[in-house]
């Protein structure tokens, strides 16, 4: 195994982690502020991807597609918040799990109803396609670099939003004490809708960015959703910082696990068996990581006790 | 969902024809969720053939298995116990077929498989009432291996999801490929990001890539592979290159070679008529799944001309004769009731705005599957 | 058998840079009511947590009935005979009064892992529960849901559940909280009689009650015990008067 | 309380009467549906012990359902092929006998529940939901990639396993068996709810500090509840596998966990018959909505959402009011 390959895999893990952060940030924000566990977050990711594919198909513009993804996911998020989600804040997690599970069913089949059963097409714009040569001779796809950059910009923007702006202050106040911000004269209902739409928009953006290199199809949100939950649980629910650390940890564990475990097992067993056992273990790796973190830190790495 | 139009037409004609028994076909296929595209194609191809036959005494009961084995088993019980169907068909996925087929044929029903062909049902688990009209699962992978030899590849990197069909795929490729393996990877089922695998391909020094990643997994892989600039020739089975998927892959698929027992440009009258009529009726190009559904229905119809399913022995003989005009040209059953057929090599091209496949050669001629010897029937 | 039942030896608890409890030593003798007072933020809750077992001290030890219980959790200390009441009523709100009392009796008796016999028909447990409810005057409402009780009744039920445990000592966190003058007076009379039963470590804000009941008083300020003594001595103690910002607070 | 008892009796009677009618009317598929219902209800009864009484929202009960299923699949497939499971250190043969399979299923799922519970119960709230989900995913991916027992293809058992004195291939007799087990489980649950353990467990859900203060450790209560819950769900898994004569990793999927939760909540959390009513409604919806529209999941979602938002206490709560039993 060469060093170049190893570094390239680390970049892949980083890129995967950044992607997961976009999903996890919205999820953890919504949990931190409203105490809501939202299984339908993956559906917003899917809506972003479908909106992007649809608009890109009509206009041919990737930028317009991204804007459409943000707008569609935010709008869907705001709508769902007003119609359904706000009735769930006072409920226990069980009701929230069930209601948002029901929303997944409705969103998935609704999307299939509108767009049909076949996957949609969304491609990388020409100016971002193809590989670039990095220092050290690593060939790396430009688009994946762009995702890393975009994700880090969003992360920085999110930290700035929470640390510096009025809405950020309200969000932090809301995390600390829900009754308190009402007493301060903040319009809680509006704040919650905005936060939910913001989280939804982040998911939609992730869906559109990833849609260009994956398959835009019904059900694409659920695998990502489960990974995003793993991320925020590892990081500590409600913590944006935890989401970032957790996302990078999961991204790297998953990528490096898939890469290294079969190699490791090949040292002690036949190649065909090693790749089967190694891959089996690799697919369980992040869940093992999560279980380990929770056993030693029952509230995640940055969770509040 | 029962297709009543045919049943009603059948009822009307009953008085004229006399005491002709109605034939009931149970179709369990995937019509909802992510894998619905395949089931819809099989269903549409099957119903098209039925409609063209003009036969009014065949009722088709269609149910959605949601791609879940336990639902498929429940529907199978319903078809057999409640609907009392004569013949069953429709299942797309091998694991669902393994759940349903042994039980159905053990209860004396005929099962015609329009897609899945698990090795267990071709070898030791073969059954006189089970007919596979599509392929044995390994066939297209074996053909890909044969093609790789013809193309002069010496060192292949091969990958597939870590589940039985994926393991069979790599086994099938290796059975025919004579070169070396630069790498062999099992990916996670349902995986959407292949950056780690593509990096390994790039570093492996391979001269070609074989992959089996059905459905959305294939779309993701091809898009990411094209963007990575690795540029090694890719070969795979048709499952990642069917008409429904190609449009979602776009330019990334252009020029990729794949193996299939069917292609829309196979030049025989049955196929030309099928492609034209499918396009006319449904407004889209048929996929190989649609052709398999169409052939399955025509096989059934050809047997019904000769015998009733109630006369099991005669009906079985009629099926075995396979006396119908297949969209694939020559078609015959082997001793284990799996097809003996040519497997073609296709290349992805663009016709106008539509991505589709063009035949560029034959990988295996009159190919018989590897398990026929294990079948004691 | 020692005179001292509960012996707290120099326990210290820090939360980050804040020392909530510094080398606190206290004793509870048989037959006495020992009151613990102190202004808000003095560290009373932290101290109670360490005595009851929900918090581990960073240093020092807790001895109960001649044994070091520092390493035991809350449930084990309860089984050893330390019954606790909470500042804010802590009861199974959806259950009935009687069920809460039976739960207390069950905890004291043990043998919780019984899966088939109807626990509410267990005459021994019922008898214990009934006696406790009778003593606090809640038997009439035994079939009521706790969530439907008044605040005062819940305070009484807290005490009744502690009684069902037949404890060797009580640890009571502000049993008078929110009771009003009449309720406080009734609770004061009740606790007065209870000391024969088992000694009480009483944390209380109600100074009338404290000085009416306590045999000894300890004053906790900024995590330290600044004085321990008889009520009259405490009343005269200059440091205590200072800590309470003037004279008014102490009668 | 009276109304709920009456409703419970009606549900139990209806669940027996419909298949009997179907038997007379020669509608074997209706019997199959009722059997499916009874088995899924049993899985729900298991979860209800942890979730309803203990307040432990497990999104990983598919693990036990799957282990039960695979206990049946593994034992029966070895018996089917006349190969022993292992010949070292002792010879273990497969079996086609249901009682043996049930014991193995309950034992194996109980052990798994002990291990998973011991670790997971260190967390609470959302973390507990997620760690149980994580264990579920581990088992799911393991089952898919482990080739020995069919991997994702699953295992087919050609003939249903046997029970002494019964012809289990006859739908009505197999139904009777499942119905009897469900009734037995409901009876045991009813006893458990009134037992010392039940009292302490429910109290620990409502107020853990109180239970600790009287000298009972909530962790042990919850662990025992989790293990018992896993064992019942595991038994349901073994029966489910026998109903389908087939097991596959889908039994381990998180959607399966979600569906079992749906049974419990749809019927009414912590109600004795909640899972029965919930499973009945789910099976009927699945059966009839599936026939109405290709997009029936939309309507299923709408029904679920309606129940959560507007019928707290589930369907039983809707029928008999929100008051929960007390004495």
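Read from first to last, the chains carry the letters A, B, C and D; within each, the first residue is number 1.
Heads up, the rule we're going with is that a residue touches a chain if its C-beta (ideal position, glycine included) is under 8 Å from a C-beta of that chain, and two chains touch if they have at least 3 such contacts.
None of the values given here were measured: they were computed from a predicted structure.
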Central chain (distance from its CA mean to the mean of all protein CA atoms): D
Per Cα centroids, the chain farthest from subunit A: C
Contact-richer chain pair (by C-beta pairs counted) among B-D and A-D: A-D
Whole-Å gap between the CA centroids of subunit B and subunit D: 36
Chain centre separation (subunit A, subunit C; CA means) in Å: 49
Between subunit C and subunit B, distance of the C-alpha-averaged centres to the nearest whole Å: 74
Chain centre separation in whole Å, for subunit D relative to subunit A (CA means): 32
For subunit C, residues that touch 2 or more chains besides their own: none
Touching two or more other chains - residues of subunit A: 108-109, 112, 276, 279-280, 283
Multi-chain contact sites of subunit B, meaning residues that touch two or more partners: 32, 162, 167, 186, 188
Chain-to-chain touches, reported pairwise for every pair that qualifies: A-B, A-D, B-D, C-D
List of subunit D residues in touch with subunit A within their complex: 51, 57, 59, 119-120, 122-127, 129-131, 133-135, 137-138, 141-142, 144-147, 254, 258, 261-262, 265, 269, 295-298, 300-302, 304-305, 308-309, 312
Subunit B residues within the subunit D interface of the complex: 1, 31-32, 63-64, 68-70, 73-74, 77-78, 81-82, 94-95, 98-99, 102-103, 106, 118, 120, 162-165, 167, 186, 188-189
List of subunit C residues in touch with subunit D within their complex: 52, 54, 73-76, 78-79, 83-84, 86, 90-96, 99-100, 102-104, 106-108, 110-120, 122, 143, 145, 161, 164-165
Contact footprint of subunit C on subunit D as seen in their complex: 188, 191-192, 194-200, 202-203, 206-207, 209-218, 221, 224, 324, 326-327
Residue numbers on subunit D that touch subunit B, as the complex places them: 27-30, 32-33, 36, 141, 144-145, 147, 150-154, 156, 158, 171, 240, 244-246, 248, 250-251, 290-291, 294-297
